[in-house]
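These notes are about the structure you will find just below.
Going in written order, the chains are labelled A, B, C and D, and every chain counts its residues from 1.
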């Protein structure tokens, strides 16, 4: 009788496909995973603690660094919470600009996901194609606010910059281009048998599990729960526009892929509609000189590309928050990983982990 | 003749190194173009010296042997992996005259010797005393042994047709029509199996960067690592040559264009095969281990048996038998 | 199987497409005007209001002022003005609050050095950094980062 | 960690998946430990409650205070009903929840300084009753009927937060309430929207925002936790999402969640000293 034993494999924090500095301590039997213990916190920067010493405006650049793939949404989460607490009115054009940037950012974020996910599965080229299209979006943002990743674009009461001349046309061109380009992605990826083999039936969880783990975003919708904060707890001016919430059927990673591709299409649809109605106007509302948020407690969530990005503010009436807590969707979504990985193959680990779509900057706060 | 006998291998070795150098560059360029970028273009004109610079860098690197590794095995492994890769080139007929060892069982020799490399890989993986490399080595062993079988069986059809294991005879038997036409099924099986033998995408599980970091050579640095890489690319060279000989008519010209020398024809076909290897690499994701095994045993093996069966039948059919 | 062939077709088609990369170190990368690069500081415009130092989220600006040497003029003049680019995140808030546009962004972004000490830039350096100054500094929106009213 | 505990842990995690049942074994251990800790409630708690309500009246946006001082009169029947309800989901409430009758911690500090949310009593003209008020009322009435309703300190509508119904409970009752909210057919709060913790200097608070998919309703729950002895029952087996969040709250805020399957630091290193999100936190090593 051969003596067999389980092996402890330490994956990360430096590993090509843990998407940053996630560390997984895995017990494996051959290549079959018996137990996983995710170790996080390698990128913890104490944003919540820092925020207690910062004014509301100063917090905004810090939020850029949480979910660095979709910083616009992060900007919006904190700005939105502050505005709601203060009861400010935001000019229409500012809201439209915010929606355009947020939806473009969602497209960019999902493109990064598609690209890196295919890279995890071993395909190189889709990654670069996705990044090319993302590059267009980043260049648009660069023109708009002067940065490609850490935008610091939104302000309490509006946005910092108005769209430069011709910018909206460029956005429209991009939307039209991207709508066509999606077909290329489907040609390249969606029909690829190896990709289908790798993703079909992988990482399935039930609706009950998803709710219990408080998954959000595509990770929840893939189980068939049509839950999108843009519609169900509508913020900004999303209620004015038509878009659908794609949901999954089987709940496997393949479904997640199709879901995110559809979300890209829906986001483009929203951007197109916004471009149709946006008018000239002020981009900054009436805001007091020093932002003093009235006493109270406030929680609100916005739909980031990864799920419900919440902002819980406790204010004591000063110009700095007493406590600022971010509900970071990646943090919640990652929790289900040990459950999903039990009994899976190591190759599936990468496929499942990638499917969750985590951003470590956000997981670690 | 005697001079050529002794100098030939050295020339071949140098040629081979040249090939490897430029195959790597070519691969990077092709993948670069596919991904809308120019590829390496900084070192030398058109990036021509890029690989040379890379190799120099590798040679200058510190030679690290992990403390817990089995030192002697660790050092031996790259050599075991590389030597067979070079040895198999002896039987490849580049042209009618350009061949080093013309013996009757050339094909068998190729297949037998090439499977020794797996021992080197497994040794290296085991000796590194690293879990990732162990997993990579195990995968590699399982994969290469599994795919050897369909690889060999797919060639059986050709052997049946020509009645010889001598690669020269096989090439010459393709004067009328290349074997890619009558043996198309075998060609597909051979191509897939050879991709797997070469550990190239979509079968690059032993190195599976996103899972096992670098697989069996994760602990290797410097020139030992270079040896593994060299072995890999020599196999690309050998496998592309073999494919050319078996299915694409070796040095035989197309359309009766005999004024173009045979070696050029060979190189042309050979480059086509190499290009398609790179092209596939740039497009495909990676298979999963269990699917990979299932694919070998459940799909490729029955198919190659079917191919043998069909060849046997076609040989008996009067009209078709001239092709078989 | 057809899907695989289709994918190969896409990659082959892309081979002939124009290249999208920048030849960066050889050719300067084009940046839009609003690009947030290293700040330029104009000491003559500065009124030592300290707003930039207050608004800086990372506290990377150090400044001191002194009395105006010209006794007939009121106010202060700047004496020391340093920015520590080890921690500066180029968030643009300092230029946003500056009432006199004494500190403005430029389009220069190359900060890499071999030593951390080199990242500590003083007033003279910031003053000499006067190439590619950003044209549009106030946008259409004067209110400052501290939430200044419109 | 002893073997038994490990066993317990495993069971917990497996059960979390299924129907969030707590193993009886765990319950026994828990209730035993509780009974030793707890002391009788006294008059001071009443005082605290009163002060809380006064403070709340002064708060501008808070309305419709429910004084949760109704005695647990219909104990038997109501508990029975709860039990029945939860039996259907496989949870034995009576066994799992520590009896709040016996469980109370003597208030160490009667809320001397009110929470920052209520510093200045501002004269406000009476606001329109919130649209969520009926829902909250209905809800509070139900809760009042429950055993241990005196631990519901406050229930109000957080107007600033789009009329969010909010409950304030004492830490002893939290687990009981959580089970109720999760499993009762009229609540069904299966989804944790946010799990936060706040240091109010006088006390700590665990703030949980729940969402009920069947009713499409949100609910905020604030759990008051004593600052010096920050302990509260874990709800990681009720909502799987609470697991890491409780670890985070333990790590950064220093709240111990009793019965948590794996209470370790999650963000900071294991050797870290102190809990950074506490307002009185002093970095142990100035250089860091």
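In this text, a contact is a pair of C-beta atoms (placed from the backbone, for glycine too) under 8 Å apart; a residue touches a chain by one contact, two chains touch by 3 or more.
Bear in mind that the values here come from a model prediction, so they are computed numbers and not experimental data.
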item	value
More contacts between chains, A-D or B-C	A-D
Chain at maximum distance from chain D, centres defined as averaged CA atoms	B
Chain centre separation (chain B, chain C; CA means) in Å	53
Centre distance in Å when chain B and chain D are each reduced to the mean of their C-alpha atoms	65
Distance between the centres, which are taken as Cα means, of chain D and chain C, whole angstrom	47
Whole-Å separation of chain centres (CA-atom averages), chain A against chain D	30
Overlap residues in chain C, where contacts from two or more other chains coincide	4, 7, 10-11, 14, 20
Two or more partner chains touched - positions in chain B	34-37, 282-284
Chain D partner contacts - residues on chain A that touch it in the complex	40-41, 44, 46, 48-49, 84-85, 87, 208-209, 211-214, 225, 227, 232, 294-301, 308, 310, 312, 314-317, 322-323, 325, 327, 331-332, 334-336, 339, 364-365
Residues of chain A that touch chain C when the two form their complex	54-59, 61-62, 125, 129, 132, 135, 139, 142-147, 150, 152, 155-158, 160-162, 164, 184, 187-194, 196, 282-291
List of chain D residues in touch with chain A within their complex	16-17, 20, 59-61, 116-119, 158, 160-162, 164, 190-199, 207, 209, 213, 216, 220, 239-241, 243-244, 248, 252, 265-269, 276-277
Parts of chain B lying in touch with chain C, wherever the complex brings them together	30, 33-38, 279-280, 282-284
Chain B - residues contacting chain A, complex	31, 34-37, 131-132, 135, 139, 201-202, 204-205, 208-213, 281-291
